[in-house]
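Order as written gives the chain letters A, B and C; numbering starts at 1 within each chain.
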């Protein structure tokens, strides 16, 4: 879990993912010699702060978003949300501005509900703040801010160790309306003819999806993937014997939104471990669900 | 109306339209010999469960969505909406899961408003349920679930009997956020140079649009089509003498949303018969409006 | 300000921008001989009612939307909004229908809040109404309806006088969900390789952005541009010494929405003078902010 811990600690709020991009590129460079197959690494101006790893003759692409939720400093001591973070007075927020490191506290106006910060000085307008990372690990769980989606990124990186054919795409802006998957998908589709996707992201523990019972295969959220594709995935999952659960939601979204609306016939399915305390500094995931997530991705990338 | 009755009875909730796709392909194969002109039939992996019929040298494309509203089985006996169906306790819902045919009843929790079902057994998670089809015909009306949009599909199929130049596109996911028109439009535009569209779909009886007074030409809904294109259509409609009405709404949408946001300069206009009891099992349309809808499409596809 | 006055007076509600398109094309033809460099003028069926002016070897595109907010006549004497206009009983609205010129008054039903009009006769269904233009100029301010975005258009046209390299794009539908920037951006990106954009539009005077303190560089609105690009712009602005302010909002949008969601890696930044009395007939802008807007665009188009 040392890799996951490192990933969780790097600030990468939507729109400013560059620190995590650099970490990924460095990690790939340091690690790939030990991987079973070598990918083509694509990361240049055509892809902003995204990274593509292309293995062999790909049939399926895995999308894992780099960015996280957070807050932007507005005027006075106001904060504006990046994505949809939980907000509780007292949350510890960190960042950096022209005057240096910031380690401040989230405040909530009791009357207006307006978000703000308490700090010994004013923070530069437009500065991004993220949750302070308190990474906690037990025999059975990991807990930290930003498991959504550093765990999806971790899953994608670990998948690379054995992957023979496939694209691994690290995307940006997912938590705040999207903005990179449209062009990533276009490039992947037009260059490799790929139109199958798996969304390596984290979902919710709910009344129907329980911690420790396996990775969740989402049958739908606010969008509905094509039934025929999801049925193929379910058959492979059942065949594999890997523990998994079926999720059915009416809300929520992912990088799949941009695939669904792309001008190419993408099939997609969201497959991810469930977490508790969603979008808070205390996101909690069962290690068994992490293990089954990686195992299922390994099988699916072979079978699909 | 035998064709319409058949169309209404085939379950095709958004995301799982494949049964209707097969019916359309079979119908075209059985019927096209009697059509005045033969289309090229395009239906393969590049288009998921959509179908394109290309006649002659097309200048205009007709879009008719195959999918319908419905419900997905969630956890316990909960239901989640597919699109925006009306929900009334007691509605009869049908479907199929691993244990066989389902014929159950919609329930609504009086306190929470949560949707559920009453049935003698549990239904598999993720199963789609649709309205039971009670097709009713009088001398002057048809009534059934899913006239929206099986009537639009019917109109498109009947149009094929005489069509010389044009594309007829059967799309998916319209009721649930879209997802196929973007790539259909891209293909049509890039392959045939077409950028004029008609949306063959069903609209609402309102204080300004009345049953029996002719097909509705929509001047706007939540989106606004280009005035110059709509004015050309209005001029042709007036010239033709075919009964029609002008609709002006501030809400509602259609396959046109994806055309409006496409990376090509599509002109579009929604033209469809109005129905009462929208999105319920009792959608009701006046036969005169069906007749004028088909007649107007025949003229427009020649004149535009 | 004679040009600005002319621009404000031309009705161009979203979806029916053609009168302003014609004015722009005519203005360019009359004026361009005096410009330092001659653009290629692109305005044909491929671009609906949009106009592109291409100077030299462009690296950056300026987007200025032609359309405005307004109202559509519905049934009876009801009105439906085009975009998000302020509505106050008594506002003077103008337009034209089959019976001639219209000069009427906005009404608001006290109970339902429904919008309507008072006029001596019924107005044709589907007619667009816009605010009556009362253009007011003082030594320090201009005030009129539709400074949003005729001032952005004015800025783009004045920029043309000295522009050497760059694309100036006049777009449609911005106030009502967009619909042209997707294809303009695709053409600009694929033809010229450009993926940097500036949004020449008008923003709000708020508690953090004040009239007279310079053009606003928006660090975010409902969307978040890529930090690296905005930081480059801020550095150039600071270096230039041109008065400017930094804006941070959680809501609002612009033509940038379509760039953010395009299937190309556009970097964008909204840069515009702030106005008071937004989306009313009395939009008010400080002349110093207009001057700094134009000055900053001149520098940025050289430096970026």
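Please note the rule applied: a contact is a pair of C-beta atoms (placed from the backbone, for glycine too) under 8 Å apart; a residue touches a chain by one contact, two chains touch by 3 or more.
Chain-to-protein mapping (UniProt): A, B, C = Aminopeptidase.
For clarity, every value in this text was computed on a predicted model and none was experimentally measured.
To overlay chain B on chain C by their CA atoms, one rotates by 120 degrees, a value rounded to a multiple of 5. Copies chain A and chain C of the same chain sequence form an interface built mainly from non-equivalent positions, shared numbers / all numbers used being under half.
Inter-chain centre distance (chain A to chain C, centres taken as mean C-alpha positions): 36 Å. Residue positions of chain B with contacts to 2 or more other chains are 262-263. The part of chain B that touches chain A in the complex is made up of residues 14-16, 18, 45-49, 72-76, 80-82, 125-126, 128, 173, 176-180, 182-183, 185-186, 258, 262-263. Chain C makes touch with chain A in their complex at residues 195, 206-208, 219-220, 222-228, 246, 248-250, 260-265, 267.
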